[in-house]
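Each of the next two complexes has chain A plus one other chain: chain B in the first, chain C in the second.
Take a look at the complex of A and B:
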């Protein structure tokens, strides 16, 4: 790696640390910087409620943003490389559609098994479980298909088909569902980072580490894949095994993030492009850490904007990621005049 | 040529003036019904007919609607302008909101109800009996009313409501000659204003005196309860709403719910806010402002403390949670699961107010038992 790359990383890490602090200090409730620092270093605060807000709300939210941003960005990169398609993102396999289906059946189909679920219908864990089951269902279907198929592109189409299929079931469910349940589903689909407790952040972190670990293990094969499947084969890469590992890593990352934070759009698709525009490299040894860092920074930034300092209102995170992310990608593409892929 | 155009213009002008004069002459004989609290409608009575104007059929509506309610064989002056003509008293009606049902029962005309979307939500007992006897047709859901079934009923009028003026099903019904009138009781912010809409139904059934009497009874009870609440100086701080994911939804201070809290002698945490719809605030903001509130009402659809906790551990930190001072209406339902509050509260603000007074100041109403609210399990 040359010195330029190292400079990028150093700047990136400082930017990351800065924005973590910014994210934790800013929110609807105004808390002075000094108090934020005291809370983070374990001191006593002048207001008891401030301590709770920082340690039990903002800190888990910032961690969720880091995990979700980096995880989704990496999933996007993996999918773009696997399919050699710049339009691919973490959800091309139909993971978010699967999760949506699970949640929709829980929230809106709940009329049929509401009595059986009782209080659990309100539980966050039920949502996480339903989303995970939905994602898993789609994942197994895609994996089964990928074992039989030779052409990687066909998996892309199958993923899209699953998305349409589940989308149709969700719309039938929403059509017959009472307003209150529909509302809960819509709010889930907006995505949110702020309602995870420490335990949930811990579980999400576990999945994150697993997913990232598998992805790192695949880096060498991914580089070979960029040159084409045949070339990769000649280098001794087992295309099928590699394909399955990449799909598993993406599913672990994108599936767990969707389960806990809802379907967060855009980041996964855009961040790899953003990174490639700034760091012109095809080496996954460089791309993977850059994408992780950039994803986390972008997500923290979006979350900070969505919780505008001093503003009591929150804008859904999904709206922010697209409203602020899309123009950046467009601007970068216009400036370079070509897509680096 | 120019002369001819001029001639036509003047003729047109004069005939227009004649028309205006005639209309003014007719309308001068009208008797405007006294509507004290509601802002959304106006009723003027004439010999043999009434003109009902719905001023804000939906929020930010650009036009109002005038409905001509004509008795059989009544002579309607040609100059009268209207959007729909309805023959009264109405004999077959279709309404679209459960809030319309108690008005029908109070006026004793529930038997004229022939169709309703989503029958399961109705809890009013007399109407429920009619449904069980198969006298009322299920019409699907309100957003997508089953037009064929509705046309088969051929009601004299459909009382609809619209959130934004777009409802294709209503257009189709109207094209088939069935008048659709908009009821915008739900946009009223004054508790008594919402209840006053019973007069709107009174006009449809030619039962204005009965409607007025029923309303005055509610009004009297409401004002008495309000006075009772004023007698106490101590005001508990009140929090409302709950979180969906990480956003907390609460009513504005100037909303219908906000008025109730104030009239019941409570101090609503966001009592000073004004706006339409509901406020969405971040958790940290509500935590800062509302963690020390004494009482917490209407937390979404939650009916028990364990449900609240399962949804978010943060709720544990609120004083009202720790002291078990959370009350909701979601758990008080009718025979088929419809929430009573949604159906009856607009018509019975006196009972809502007494419920809240009982919750805020139990000593003021020692023998009263709650009608809509219930302490969380």
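Take a look at the complex of A and C:
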């Protein structure tokens, strides 16, 4: 059984490297494969602009895709195990709704703050800050609730209620805001992997490492939770402490990704299910790296599709993940005829 | 190396169990005094709502006692951390959301968690303990099967094997025989009897199977009304502890056959 898992990992890693290369090779400007390879290995290119495109645009975008895909997929796995619920995902904590609220207030509510807020306000950093503040607000509310509640399921409902609440506020803002601002907000909500500079990728990477690190320390407890909370407690797991660490890890991952790349749906919910259909183990020591790898591959794939050569437009990443991801999940479930969870 | 027989693993003194509400305490059962020794098979019996689960939850530190105290190896239960207790007490519960995607081996292996490193890696000692546990419940052939493929009786045995892998001197089981047919009920209880004798672990289980418990158990904790009786099946029968357990016009206790009979 172990050899089977190693085979999957090897195949996965080659697939990953292949798709990274493809992802960097494709784009609205046509650059030959050989030149891409030269650029990646540090050589000089025949066109200086190509080098700039690859190193300053495509490489950070590919890295963002890797960080976002793997981070969201792991968040989904963490939530599904913590709540012992196959429908859970990063969204159940209401983080992306919190981020949406922050951005909505900035973009559409800005009009009420008066004229002293100039155009600079709508810079990327303002968006990131607004999204982070929104996520943090919801996170603190959920954390406060989870400290007081004994029942983990109740947190799930509370997270969804916060999502509903923030959604309502966003609706009210949208209703009263001028078309141009509304359009800005809608564009943000499509999600985008391509707007990050190297500094921003670095910050995202820092949050990613923190989130993954905490998650790795939770692996043993997560395995115990597969038996339910009472069994986990009898095995020496501190339920509340573990709950808080898992929520913090998920928030660091999903919160930072939403702040930088917008609310990317679907990946967090779907990737853990895809992995469970393939990997014959429920041990998080195996599931965590598998989900990270699969999330990165799926996100790179979707990003590659969204910028296929011959495409004048870049299709929003959020649409691609669902258009191509949903049929795959449906197909896998139909094939196995039952949900493995 | 013989331990004096009067040195109990678990001792309860003047114990009252129940729930603490916001305003009042709901006492389910009180004034309990009993002690449990190694190798004993103990049944907690009583009618629905008599407090069997409440008692087990209190003994495993899920609930705190309303009154009195519990000692394990002479030390008060309150002084143990969850981590320490995991090496002293293992449990079989009912109605838990166990992932059915776990293989039998994976599930039994989770019993080793109190002893494994921070990532949960299994060393040779752990692997041996897991294999031994699966052998003790005769499940080795099924080790790679998924739990979703097992029958209820098999799953129950897997959960019992998990407690054996956890290797604790005390095992608590909440109704280990519900959902099982008569044959499997008897089979599981006989297995518990055998395990308690072979492994010298004390096994305490709550059950509705009074007839079977009377035949197989060393000790019975009988919860009746707001008080509890404790002793060997013989002594409880002598005391007449079972005579008034159920309304006599429907079910009566026959001392000669040591079993309950339905009047008809």
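By our rule, the second predicted complex is superposed on the first by the 335 of 341 C-alpha atoms of A that agree within 3 Å, B and C clash if a C-alpha of one lies under 4 Å from a C-alpha of the other, contacts with A are read in each partner's own complex, and residues count from 1 in each chain.
Assume a contact is a pair of C-beta atoms (placed from the backbone, for glycine too) under 8 Å apart; a residue touches a chain by one contact, two chains touch by 3 or more.
Computed from a predicted model, the values in this text were never measured in an experiment.
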> Does chain B (first) or chain C (second) touch A:58, or do both, or does neither?
Replying inline: first
> When the two structures are overlaid on chain A, which partner does A:171 contact: first (chain B), second (chain C), both, or neither?
Replying inline: neither
>> Applying the document's definition of touch, where does A:7 land relative to chain B and chain C: first, second, both, or neither?
In response: neither
> Between chain B (first) and chain C (second), which, if any, makes contact with A:34: first, second, both or neither?
Replying inline: neither
> Which holds for A:49: it touches chain B only (first), chain C only (second), both, or neither?
Replying inline: first
>> Quick check for you: in the superposed arrangement, does A:262 touch first (chain B), second (chain C), both or neither?
In response: first
> More residues of chain A are touched by which partner: chain B or chain C?
Replying inline: B
>> Counting contacts the way the document defines them, which residues of chain A are shared by the two interfaces, the one with chain B and the one with chain C?
In response: none
>> Using the touch definition from the top, list the residues of chain C that touch chain A in their complex.
In response: 60, 62, 82-83, 85-86, 89-91, 93, 96-103, 106-107, 110-111, 113-114, 116, 118-121, 144, 166
> Which residues of chain A touch chain B in their complex?
Replying inline: 27-29, 49, 52-53, 56-58, 61, 119-120, 122-125, 175-176, 180, 183-184, 187-188, 190, 192-195, 197, 262, 307, 312-314
> Which residues, counting only chain B, touch chain A once they are in their complex?
Replying inline: 141, 144, 243-247, 279-285, 287-288, 291, 301-302, 304, 306-308, 310-314, 317
>> Going by the contact rule set out above, which residues of chain A touch chain C in the complex?
In response: 1, 84, 216-217, 219-220, 223-224, 226-228, 230-231, 233-238, 276, 281-283, 285, 340-341
